[in-house]
Every structure is written in structure tokens, then in C-alpha cells.
């Protein structure tokens, strides 16, 4: 089983990424359950704006990531929270994935069918459910299956602050980690169930 | 396989319901694929506001519907669009289903695990994706699995009008029906895959 | 200046309402700035589902509240957070207010023009920005003007808990209160600006 | 009065932009009402991902646009619809505007106070209300005031298609144009009202 984690932090390497750190936790949980995990930090790849899978301009980093998505059984969309919403990097990746709606597997099944998706959100303020909802709605449109409770997040209480996942004390990350382990559990179990009994080509394909 | 369709129209019986009519089309598609289908028109049941499964006040119609949800393998949430958002009846049902988060099956698995959910939206104006997104985010929280593209909708172009699913000419409903048949297909296939290889009790349960 | 606060708690009187308590704080701030403030606890009024201003069924509490909205210069929509979204009571009120889109003042101006709206959200978990966004989108559709930052909220960090606005220590409510005072400030200032120089009847009215 | 229109199309110049064309209609309506209108096609400016107003990397086009926003009385956010949501270009601009939350005018008033914002959405499918809602929630957070019904959109009925604002027959654009003229009307009237009686510095500034 192959898992791909798309980290939508706005900060290029080698800066610390809270989102990347929590995504790494989830990645380790996926590895423990038998998945081969790859991480992509989107902002490092110069993804061009667009809605096709092919290169939009020279240096466009998307085509390689597209191929990683196509090869994956599990895709985790990870994003920071800005203004209560997902960041523009994960938004850009989902936008490029719009093209998957009209791509098919060899047997005519839509490309994303039988792939599962989950979500990771970090932020110094409220907004995780909205980020999960926006990413889930887009992923469902594309054809990913979303297992129940296939998400985790870390943020804090009312108002902005300097608090962050990376610097939070262990007890404030406990729920986030417990939820992240459960997320890995449901992703792997659902991917296995769909691998054993895949959704066949639908009547409108 | 048992399927339950929750129709969130605001209009009590016996008024015509566009949402109910499109939900009936999806229900027939589920029946064709071997599901036993039940329909509940929520507004007829006097559901009290609340977030528990038990009766909130005398005459509260929720406990019986709760039991139907618990018995179902597939749940379809259907709603009209008001102000670009889901109606208050389906919202009220999802709110009551918040209680499922802390209910478990005999083996400790969260109650909604291995149930699948899909969505039906009608409206005389734009808003279907937002309705699907809001209902999906809530259903994922509760523990339902959402198969890729497990939704259909009918609305029309810019601005309000008197157009409606029930009175639209056949050619304007073609895409909606084709998408609705595919929705039934993915719901049944995913419910079968999860019945054959259920998500086991997660580590945080 | 008249201000109306619609409290969308799901709990009928006389139960404690966290949403009502924070709305009362905002109400006091509005009073201090010269507004006459009325509070309506929606769940106590048996509002019927529907999208008209008139009585939908015997005992429907909406028509009286409709008249209070029409008389108000400032309307505050207050809601608890369930599943990361606004509750069904405030949703139901907004749904009934859909009818205001086609009601006009004596001079033909849409009914809600020159009224301002703000938002109060409480919850034991993440979701405030999404609640504010959903209520704001609906209120803008109806014709209310939303001043910048005309909202406040209280919730807590990741994961569900028993924490609540009413029982939180003072220091955890400080940001919420400071933001709530600013909310009252911008609502009153904007209502006064629009009273002095009202938006005239638009060309599409 | 200065108005700035931010066109979030994903297509670089000189390609046709449906969003730009509808935004140009709204711009002309603003000009007719006395505003000096500037248009920025965001994708042509190589805006870097980030949440500060200063240059993030060499060639970052944001700082100049930031200054245009600061100089404007009216800002129109225009976006295409992808997967039922705003595009990543307008999302990126709003993300950079997050920095305005902590910038102030000379008297300490938050930078965006007394500026008004409106929204333009185009798409070949459903999603306009959700796009307006997401942009409005972000703009309100930043401090913009949103006049009632300060938006217009063009899309079409259920399902994807090749239909587009630019190629639609006149009668299918009528409602969109009528609504766009009303949008310009309320933006100008509200900006004038706030110019005559500005929101003073709030107590939390």
C-alpha cells in the first residue's frame, strides 16, 4: 500500500513546518500499519496555477506530483489554517487534481476511485473543521473515498497567538496524536477493503 | 443491505417535495442494486432541537429515526438549498446524530463506522456543492465513510427562478439522473467492501 | 438605535446558555453605546420550518420575530457550534429571513438594506470561523451589511471537552470580551453611518 | 473614490478570462458611479505564498498590490469556481492580506476599516454562493465592510459544461448584469457613508 502526504505549508524548506511535523506523525502511523509513505512539500515544487495534469509552464512541478497521486492508494492532504480556511498551496494542488475527474484507469474507472483520502490541519487559531470540510468536499468531487473520522488537527482556543503544534507541551498534543493514530487506522483499513473489493466502473463513466 | 433516505424538505406531507422526488430516484437506483430502502420525511416527525439520541420532549420524533440510522448500512442525506446552504431540517438531523460520536457497536467500534453516506441536493439556485460539503463534513465527523462522487443534485443557472426538479424537462434532468445512478453504484459497492472487510475498532475507541 | 440579538441555543429556557451569556455581554456593550437591545431565545418560540414571513402553522413563533427584525437597525446572530457548524435554530431563523429578499421598505429599498449584522459563536470545540462565515454569507444574501470584524467567539483548543464559556476562568475570556466590545463598536458606528447616509434604492429593485 | 478589482483567474494574459470580463462589467458600473477603477490580474504578478505584506522572495509581485489595496476605498475580489470553491489565486491574495489585520492607519484604526469589499464569481458549474461566502468570511476577518448583496455571479445549471460567461447569450447574462449594477450601487453608497462618518478606532486596537 502506497501513501502520499501532500504538505501545504506556505513556508519553503528548510523552515520548520508545523503542518509537516503533524503530517510526519500521521505518516509514521501509516508506516507502522504497513504503508510505504512519501512526503511532498508542495511549496518547494513551484506548482503553476491551472486545472490540467500536464506541465502548464516550464518548471511547473505538478506533473511529477500528479504521477505520485495516481500511484498512491492513500492521499493525505495537510494544510495550515489562514483566515479560518485552507492555505493556497493545498488549494492549488486540489485545483490541479480537478483534472483527475476526467482521467480514468485502464478499465474506465475514474482515476481516484478506490483511493482514500484523509486530512491534517494545524493553526494557531480556530478553523480546522472548515479546512477539513473544504478539502473533503473537493476530494469527494474528484473521486476519493473519505473514511469516517479520517482527520486530525491541532490548534488552540479563541484568538490568535504564538502557540504552535511544534512548541506545544506533550499533554496539549495528546488528543491530536490519538486522533491521528485513529486516522491512520481507518485510512489503511478502508484502503484494504477497497483493494479487496474495488468499486467497479460506474454507469456514467 | 439496508438504505435509509432522510429527506430534509421544509414542506410537510402531502405537499410535493422536489428533494423527495430526486431522493426517490436515487432510492430506486439503490433498490435495483439490492438494497432495502426506507424513506423518512424529517419535517413530518417533529424532531426536537438537541444533541442526544433520547427523546428531548414529549412527541420528539428523533429516537425512532435514530434507530433506523443505527440499523442502516447506507444513509442518504437529502436537502433543499436555502441561501446557498442546507435546510434546517437536515441540519437538525445531523445535529442529533452528533450523539453517535460517543455511541459504539458491541465490539467498541464507533456506531457510524462501516456505514456509508451520500447526498442529494435540489434548489432553484446555486449552492449544491456547498450543501454537499457541509453535510459531508458533518457526516465524516460522525464516522460515516463517504465514497467518491456519492452525490447528485439539481438546480439551475444564475439567479432565483421558479424552475424546479419536478417540473424540469427530461433533458435538463439527464445529468442529475446519470449522476444519481452512479451515486447509488458507489454507495452499494463501498458498503459491500466495508461489510466484507470492516474497519476494526480504532486505537482511540 | 434598536439592536436585536437572536440566540440560537438548542436549550430551552431556563437552562443556562453559553451562547446567550456571551450574547448578553455583547448586548451590554451595545447598550453602553446607546442602542436599545432586545434578546430573543429562538428555541423558546417554536419557529416552524419555512421560508415565508407569515405564520406557517398555528403557534408558529416567527411572525413576531420577523417584525422585530424589521424594526431593528442592528441584528446579532448568535449560535452554538455543533459538528463545526451553526446550530439548526439560527439556521431556521436565517431560512425564514430568506423572505426578506423580496420584501421592501416604503421607498422600494430591500428590507434589510441599511441594517447591520454581527455574529456571536460559542462552542467546546473548533468551528467559530465556519459558523461566522455561514451566517455572514446568508445575511449578506438577505441584504444586511456586515462591518469588518463584527464578530466574537469563545471555544477551546483541539478536541471535544467540557470547557464552556460560562465556566471558563476570566483570563480565558479576555480576548473574547475585548473582541466583543470591538464588535459592538463597529456595529454601532456602521449603523450610524448608514442612518446618516442610507444606501438608496438599487437599480434592480 | 478608488476601486481596485483583483481578478483571480488562473489563466495568464493574454488569454480570455471570463472572470475578468464580468469584473470589467462591474468595474464599468463603478466608474459610472464616480470611482477611479484599477484592475489587477493576479496570476500575471507572480505572487509568492505567504502571510506578510513585504516581499517574500525576489520578484514577488505582492508588495505593489498591497499598496494598491491600502490606497483603495472599494476592493472587488473576483474568482473562477473550481471544485465548487474559489481559485488559488484569489485565495493567495486573501492570505497575503491576512497581514492587514495587524497593520493600522495613522490614527490606529485597523488598515481595512472603512474600506468596502464585494465579490464576483464565474464558473461553468455550481459554487458561486460558497465562493462568495469563503471570500466574505476572509474579508470580514481582515476588516473590510461587506454591504448587503455586494456580489454578482454567472454560472449554469447542474453538471459541468462548456458554457461560459463570455460566450453566453445576452438573455442568460441579464440577471448577472442587473445584479452587478446593484453591486456597484451598494459598494459606492456604503463607501460614501463610511467616508462621511468613518468607524473610529475600536477599543481593542
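Things to note:
A, B, C and D label the chains in the order they appear, each numbered from 1.
Quick note on the criterion: contacts are C-beta pairs under 8 Å (C-beta built on N, C-alpha and C of every residue); 3 or more make two chains touch, one makes a residue touch a chain.
Quick caveat: nothing in here was measured; it's all calculated off a predicted structure.
Counting C-beta pairs in contact across C-D and across B-C shows that the higher total falls to C-D. Taking each chain's centre as the mean of its C-alpha atoms, chain A lies 35 Å from chain C.
If each chain is reduced to the centroid of its CA atoms, chain B and chain C end up 28 Å from each other.
Here the spacing of chain C and chain D, counted between their Cα centres, is 25 Å. Residue positions of chain C touching 2 or more other chains, listed in rising order: 83-85, 129, 132-134, 137, 141-142, 179. A complete topology is adopted by the chain contact network, contact being made between every pair of chains. Here chain A touches chain D in the complex through residues 10, 43, 49-51, 82-85, 87-89, 91-92, 94-95, 98, 134, 137-138, 141-142, going by the rule given at the top.
For chain B in complex with chain D, the residues that touch the partner chain are 83-85, 125-130, 132-133, 153-159, 172, 175-176, 179. The part of chain C that touches chain D in the complex is made up of residues 110, 112-113, 115, 129, 132-134, 136-137, 139-151, 178-179, 181-182, 185-186, 189-190, 192-194, 196-200, 202-205.
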